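Labels for the chains are A, B, C and D, by order of writing; each one numbers its residues from 1.
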Amino acid sequence: MADSALKASIFQRLHPRAYLERFVAESVRPDGRPFDAWRDVSVNVGSISTANGSALVRLGETTIVCGVKAEIAEPELDAPDQGFLVPNIDLPALCSPKFKPGPPSDEAQVLSDRLNEVLSSYQHITSENGLTTCSRTASSPLQMLKTPVSFSFGVFDATLLADPTAFEEPLLDTTISVVVDENGDLVSVVQLGPGVDTGAADTLSTCISSAKTRRVVLGGQIP
Amino acid sequence: MSSSSYCLPGQPIPLPRNGPVPQLGGGIYVRDSELRASLVGIPQQEGPVLSISRVRPRPPAINSVVLGSVTRLSPLQATLSISVVDGVPLPAGEEFTGVIRSQDVRATEKDRVKIGDSFRGGDVVRGVVISLGDARSYFVTTARNDLGVVFAVSEAGKTMVPVSWQSMRCPETGRLEKRKCAKPE
Amino acid sequence: MTSISTSKAEISYIQSGLLSTPPLRADGRGLHDFRTISLETGVAPLANGSAHLNIGKNPHDGGGGTEVLAAAKLEVENVDLGGGEGVDGGRIVCTVSCSPSAYPHLSAPALDDLQHDMSTLLHQTLAHPSLHPPNLGILTGKKSWLLNLDCVVLADAGNTYDALFMAARAALWDCKVPRTRAVEYKAAAAPGAQAVESGEMDVDHDAEAQQSGFDTRSIARAVDFELPDYWDEGKVLGGRERWPVCVTLNVPPGSKGPLVHYLDAIPQEEAATPLRLLLVFSFPPASSPNLQAMRVLGSGELESDQIRDFVANGEKHAHKIWDALNGKLKEEDHRRGQKARDRFARR
Amino acid sequence: MALDRRRINGPEESFPPIFDSDALQWKVGDARKDRSPADIRPIFLQPGLISQANGSAYIETAKTKIACAVYGPRQSKNTAYSEMGRLNVEVKFTPFSCIRRRAPMRDAEDRSIAVAIHQALVSSVRLELLPKSTIDIFVTIIESDGLDGCVASGSVAASTALADAGIELLGLVTSCAASVVGKEIWLDPTEEEGRLSKGTLVLSCMPALKKVTSVWQTGEMKVAEALGCMDACQEKCTEIHSVVAQALLESAKI
């Protein structure tokens, strides 16, 4: 690394907040994106043969591999025709220096709960009722009526940042995440931290509208 | 003589024919009287030393210059969380623990040092590692003019300016606070 | 395995002793000599087969040495597609537990890891299908035996793996499988089902016993089994001569030319030689010996032809251990047979 | 499954669907399906995929996909002072990595593969240069087709990740598995082929120095068969070494 880049990274390591403030003052972010720009998303599906369904999604440098395993279980008494959808998010020590090996960290538990709320509140997944015989080759796809996608924002010193990176995330005063499905209906909105009145519209509504527009852009990529 | 091709760990490095056998820097080791690379990179020779240099975060070693923030103070020592070693920052979330014992704070009047007058929590301190210390922490000294507090925030919350080797002034309130300051470059 | 704190000077002294000619060891043994091994079988009356083994117990006060207790216990398991883990033909599970008193310097997680590593090696070797005994099944598709081989390391004075495998072999040699006899149920018209055999037996009426009254066919189906004779301990576990023995070749670092190796290391020697080659051999009577497991343990490098002659040497050492162990086991059988005869004679 | 407060639990008991077995109709003496005995599965190796890690590598051999990240050298937490560095290997199977769903809790197999990979790598890292520090190697098995294949590919990925992390190595470690099926020696067995074999052997070595760092043999083999497996693996390791070298050089140049 050139000497100046080394000095910059030392400044970033010692005073992250001041470092980000200097960038925000120039209305640009450390990775060169404008405030409302999104990192590009790449999706590829069905690459894992041992899972009944799988997908790999890359959002910038964040990579998530998701697998679905189908098992047979006794339905609940009060919902005989409803199956179970059990989502779990695992943040292993592999993916970032701040995670330690062992049982799921608080952050992993919070994310799993949020995902569970979105999926179960939706009840749009009908279980394959009536199908008793399973064949190794033929398998009917799980009917997914809606495909919700979540978008997250952060507020730092009264500026709204879309899609915050791992460096920006710990410095944010407020985090907002909006879940929108494919025809623009709101599924869930979570705001942690004080909302800030930035200009005309309230922060939340700006986030919701930009989430909707972004959902349309992503429409093509999600099968 | 820096051969342009990249070497891989375990790959033999041709001995430079002209001149004496070079000293070995980092990234190269000798096995059965043969030079072999232990890093991915291009062997460079500066003067007598042949090495493969990688600007990589590495653990503190004896005599490495470290930068860290003070995390705990006690009458006998100040605990330091080291985040920059030899000018290379450690990745976010990774730190080494260092300790500045009261006798290592300054060179003069070592026995009458008051830690409270030398460091405060949150100060960024530049020091030199004098020993690997014990299982928990490295021993760091600031007993040199260019070592000591490099950045401190006053009670009023403003970045302070060093006025002498043992005190800093807050630009807003003008009050002096006692610190063991490093001589600004 | 014990990483007791030995100083650098002591380590270099031991290493140079091993590499000098003639080799010099702390207790004056040759490179390929074992310490005295004492073995006793049938020490746990409640187990189906057990053995207590000690390597290197010093003769006068009887203390010290690596001490291992191994016991084989048989349990019945259901073999049905649903939950039962039983497998037709039975299965074996080996576990090793180390008593904290044997490893005072190890923390709890480190002790668990050590136990786990030993259990994995023992289980992967002894529970391999190639060594599976023929008579562990009871009723195909219904019931089968589960053989739990539990070993406890009571004291560790070095060379634990050899001791573990010798104790395991002795326990399995001593193991007796109770005789079983199938019991059929006549689906008679009478409400409750009786066993064909006379004599009252509290049988848990599982679902199959309740049959519709109209089904008058008398189907003889082996549903359960019984132990006909309480006193007879049963027949010997089949294929018991195939259980392997282990030999640990310790390789001291820094030896020039043909690599030196030595056996049965004491803890100080183990600390001085991190690199170890574990070889587990079984010697079937007819054919050439089988290699049941091989592991390189510890940090250090070997060349493939060095491994080649280590395996050759290891085979010879293992054969010596094998013969000595077999002799001792037969002696034990004779001794316990004699003891049993004395007990009856005196009454 | 034990109720785990920290995860979202489904119903207590759930069973994987059991298909009627159409096991590979393979008889002793048949030739190997879709591969010759001495062939290994094509290796796709990509160093530097995880930017947050100091060094990382992703390896894919047909149906085995493994991601590996190296963190450190870090401060050794709660361990005694040691002037030699420590190498800590942790392996994790993703719940969907095998035919039968794996509980996400730590289970026995994770540790035995971690021990095998640690043994393969420990003598190749210059730990004496990193006193009081620990190098963490995290291996996540995304899809598994045979445990021996996971040990072999895991070792190659871990060694590549170490080189990518700029940690001083005596040499790159490559590893290969072989199993004895009937009379033949099959290299790089899949799970199916592993079940058919009498014995399997995983050899790890440093081709640059022609040194063997680990041999991990299970099952029953004649001595001659075992030595044959070792030679076949060592020869194949040199080929794998060139794949690793090329991958590392490409990623070092950009």
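FYI, contacts are C-beta pairs under 8 Å (C-beta built on N, C-alpha and C of every residue); 3 or more make two chains touch, one makes a residue touch a chain.
Predicted model, so just to flag it, every value in this text is computed and none were measured.
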Requested in this report: Specify the chain with the shortest distance from its C-alpha centroid to the centroid of every protein C-alpha atom present.
Outcome: D
Report task. For chain B and chain C, let me know how many angstrom lie between their CA-based centres, rounded off. Result -> 55
Query raised in the report: Approximately how many whole Å separate the CA-defined centres of chain C and chain D?
Result: 28
Query raised in the report: How far is the middle of chain A from the middle of chain D, if each middle is the mean of its Cα atoms, in Å?
Result: 31
Report task. Quick one: report the Å distance separating chain A from chain C, using the average Cα coordinate of each chain. Result -> 51
Report task. Any chance you could list the residues of chain D touching two or more other chains? Result -> 52, 71, 206, 209
Requested in this report: Note the residues in chain B that touch 2 or more other chains, in rising order.
Outcome: 91, 94
**Report entry** Touching pairs among all chains present in the structure
**Finding:** A-B, A-D, B-D, C-D
Requested in this report: Quick one: which bits of chain A touch chain B in the complex? Just the residue numbers, please.
Outcome: 1, 6, 9-10, 12-16, 96-98, 166-167
Requested in this report: Would you pull the chain A residues touching chain D in the complex into a rising list?
Outcome: 47-51, 54, 61, 63, 65, 67-74, 76, 84, 86-88, 90, 92-97, 101, 103-104, 108-109, 112-113, 116, 134-136, 166
Query - Residues of chain D that touch chain B when the two form their complex - result: 52, 54, 71, 73-76, 79-81, 83, 126, 130-133, 163-166, 168-172, 206-209, 245, 248-249, 252-253
Query raised in the report: Okay, in this complex, where on chain D does chain A touch?
Result: 4, 6-11, 13-17, 19, 22, 49-53, 63, 65, 67-69, 71, 90, 92, 94-99, 101, 104, 136, 138-140, 142-145
Query raised in the report: So in the complex, which bits of chain D are touching chain C?
Result: 18, 108, 111-112, 115, 119, 122-123, 198-199, 201, 205-206, 209-223, 226-227, 230-231, 234
